[in-house]
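Read from first to last, the chains carry the letters A, B, C and D; within each, the first residue is number 1.
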Amino acid sequence: MSQNSNLEFTPAEYMIASMARILKDAENAFMGVASNLPFFAIWLAKQLYNPELTWLNIPGKINPLPTKPPKSTVDFQLLKSSSASITLANIFDMSARGELDVAFLSGVQIDKFGNFNLSHIPDGDKIKIQFTGGAGSALICATTKRVIFWRTKHDKRAFVDKCAVNTATGNVYKVVSPLCVFSKKDGVLNLESINPDSSFEEVSNNTGFPISNAPFTEGPTEDELKLIRDFDKEGIRDIEF
Amino acid sequence: MSQNSNLEFTPAEYMIASMARILKDAENAFMGVASNLPFFAIWLAKQLYNPELTWLNIPGKINPLPTKPPKSTVDFQLLKSSSASITLANIFDMSARGELDVAFLSGVQIDKFGNFNLSHIPDGDKIKIQFTGGAGSALICATTKRVIFWRTKHDKRAFVDKCAVNTATGNVYKVVSPLCVFSKKDGVLNLESINPDSSFEEVSNNTGFPISNAPFTEGPTEDELKLIRDFDKEGIRDIEF
Amino acid sequence: MNKIKSLQESAALVKDGQRLAIGGLLLQRTPSAFIRELARQGKKNLKVMKTAANYDFDLLCFADCVEEITAGFVSFEAEFGLAPNFRRSVENEKVHFNENSCYTVISSLRAAAFGVPFMPIADLKESYLVSKFETVSNPYGNEQTLTVPAIYPDWAVIHVQKSDEQGNAIIYGPVFEDLIMAQAAKKIILTTEKIVSEQEIQKDIDLAIIPGFKVAAVVEIPQGAKPASCYPFYDYSAEQVKEYLSIKNKTELNNYLQQQT
Amino acid sequence: MNKIKSLQESAALVKDGQRLAIGGLLLQRTPSAFIRELARQGKKNLKVMKTAANYDFDLLCFADCVEEITAGFVSFEAEFGLAPNFRRSVENEKVHFNENSCYTVISSLRAAAFGVPFMPIADLKESYLVSKFETVSNPYGNEQTLTVPAIYPDWAVIHVQKSDEQGNAIIYGPVFEDLIMAQAAKKIILTTEKIVSEQEIQKDIDLAIIPGFKVAAVVEIPQGAKPASCYPFYDYSAEQVKEYLSIKNKTELNNYLQQQT
């Protein structure tokens, strides 16, 4: 339970609220493949903080109005009552032109420089463990103005000193995990705030690079929690936990 | 009147029939801007010789079924009952990929090498006479397999020894005028056949480069003339004569 | 953000010397009313681009609004003849005609839309246009590859059949280069036959290919393409084109501009 | 020309070792029935490409049909987990995974579609993918520009909602990379929910973006994308995806393939 408020919240809710707040001043936000929590963050930001935010996603129906949370990148919910159409290729072009403001990316490893690995773990010239591939991340991370890296598991296998392979590098702005929020400053990740349900010790013990202490994140507010819970009655936000 | 048959026909009808016959074995044919006679040629070829010919045009509605002849490149007749959609950009891409079989181009000057000028007449570094610009011809002539040059006026100002400017050069296959048909062989235009209403002398006197004699073209057939005349009751085919 | 603007307000967004990509092609879906307003406001030194133009660029030449034209073709067709003011302006060196192929206009817009500085193109053989462009060596082979530079319009000006208040817009029939112009340009000005509800856009959502986020102005102008056509609502007007072509001097042009939307 | 073919006949057009671009994305509009038929026919050494794949490429790996995969992402999502046969095949070096960004897949297809040997792309900074590609000097400036090579598929295999007998086809909802694949490929194989009349295509002519002229085969397969979805007709089937993912060995895979369309 939170140390800073009497509201209870789950790690998913902590991450959703933390990511949604980053979008308060965003012009547009893109979520790529397999982006369960970014969906909720963008949806919440549009409800509560930034109704004019332009929401871009893989199916390319802009600003849809889903009636319940999608279970996948290509869920029909993402095609509902949208405002216009764009191709995935043209979303990448927007990023290449510098017109994409915020994008959410995830990966298996992230290191202290904000590089991330969605490719593989090498074994000499061979591939020891094959991951999913980085999807659009190499372009997005290099050209979208503010990249938010999110990961549902925070441990030393994920938060490493140096990635085995740099799939994507560049404009990492913040990193959101169930335990904390990092921001990138002077080329390295700095702890920005800690989940009030966690502690500096827990974050530090699960992070593969040195960090300095930071204040607690403001936990999800009553408004945030009510909106999320009313919308997601099936608990789709917890699918990756 | 024709010397080879007892059918009367106009210069427009001669040109239409001559161009339509070239399309007998064509896979697809593109007509660009301001292509009045090529329209009739393609339409006639599809009626009479090659129903499977794919007809591509600027508005990008493929194989339309106009109920009467269009008056311009963007006439709504070219949008009627078509079979699929393609953008102009993607028609150019087809040509660049080598997938465009036949294209019709016109211009102000054509020379004995099959170059043509739709740009201007220079006066030193300045422009003495500005023409329309070559539209897509520079690409089309260089990359479409067989280019048919057509021109409704056959005189020494049009058929020149050497163009003042080469707007487009390359794969010229045949040249069709009211007086005759040329074909390109060994890098130069050769007289292939003469309008039965004309003569070698008339062609020669109106051509700015040396030519050798050739047989008469088979004039438009009864079938060809009937189809053209039934379809074009307003005489749109004569608009440039 | 309220994007609904009058014709006057929207044309006032365009500054002298800016580069405009103009939607439609020849006499189809031309943003004609907007072009006339640019002329009424006496814009100067505009750089305009399009694959194939007539009424729009000829009028801007007539009104001395243009410094440079990048296009493949500027002319009316058989029914009407050449574009007289374009010709005169180029021959008198009042306007620089940066002659392109329609294809190279598209390729330059693609480079801008893709956020890359140049675009490889097909070989144009001995066309004199080649002298305007640079070649690079294909890094995956040995051959020389012709290229064109990116051209970045400040504005794409597009006439559509339907737009909502936020500039989410539907184009029916041929799209021509309008989509790639919208992508390549910094911002978009839309003139529309009708401003409709979001629900009306949703009915044809797969054709709503202009998203509103780069649209700076939405101007409702029924018949805004006239004398050009706007499929399927109205065809081009031969009479109105001839009326324009009959204008002999600046005084008559000013009268014409005052009489029209 | 009669293009209507059975699933067997159309898959027989594909020869061992050829390169296929596969339409749809993840579990949407996948030409799944065609993929299964490739597996049943025991194709070998195929080179397949797509931005983001799962069922299709995983199954082709499982059935040992693939030599090379060019893609940005190969995985199921949270509901189902990773693509187990893809992973195993790559880790065992039975399949070469030519990892790309989804963006570079698109850019390589664009180069092929535009008939040019390479495509300039945005800088990817220090991504390891950069080591796979060459840079050229922008001939209109001084900066180095990253590029990708054209990739030419022998076939684009696309599942559509409606096609006529000549392969003029409509895609409803997201098009993904299908159009650019159709342009880049030498020939196209279409599987379609329904073969419809030309008149039915004409009703949505602006969405009839696949012209028939490069289509070599039209195969009517209702539910042909299953277990993937085909908007707006049916959603993906979680149950059927799980059924596939429960297959443990080649014997079970063969049974599965025999039971399915």
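Rule of thumb we're sticking to: a residue touches a chain if its C-beta (ideal position, glycine included) is under 8 Å from a C-beta of that chain, and two chains touch if they have at least 3 such contacts.
Note that the coordinates shown come from a computational prediction; the quantities given were computed from them, not determined experimentally.
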Subunit B to subunit C, fewest steps along touching chains: 1
Pair with more cross-chain C-beta pairs in contact, given B-D and A-D: A-D
Greatest separation from subunit B - chain, by CA centre: A
Interchain centroid distance [CA atoms averaged], subunit B/subunit D, Å: 40
Rounded Å distance between subunit A and subunit B, as computed from the means of their C-alpha atoms: 59
Distance between the centres, which are taken as Cα means, of subunit D and subunit C, whole angstrom: 36
Centre-of-Cα separation between subunit D and subunit A, whole angstrom: 28
Sites on subunit B at which at least two other chains make contact: 61, 95-96, 143
Multi-partner residues of subunit D (at least 2 other chains): 114-116, 121-122, 173, 206-207
Chain contact topology (line, ring, star, complete or other): other
Chain-chain contacts as defined at top: A-C, A-D, B-C, B-D, C-D
Partner subunit C, residues of subunit B touching it in the complex: 33-34, 36, 58-61, 71-76, 79, 87-89, 92, 95-96, 115, 119-120, 126-130, 132-139, 141-143, 165-170, 239-240
For the subunit C and subunit D complex, residues of the former touching the latter: 111, 114-122, 134-141, 143, 145, 147, 149-150, 172-173, 206-207
Complex interface listing, subunit A residues touching subunit C: 27-28, 52, 54, 61-62, 81-86, 90, 93-99, 143
Residues of subunit C touching subunit B in the complex: 25-28, 51-52, 71-75, 77-79, 82-83, 86-87, 90-91, 93, 97, 99-104, 106, 110, 121-129, 173-177, 180, 229, 231-232, 235-236, 238
Subunit A contact footprint on subunit C (complex, rising order): 1, 112-116, 164, 166, 168-169, 183, 198, 201-202, 205-214
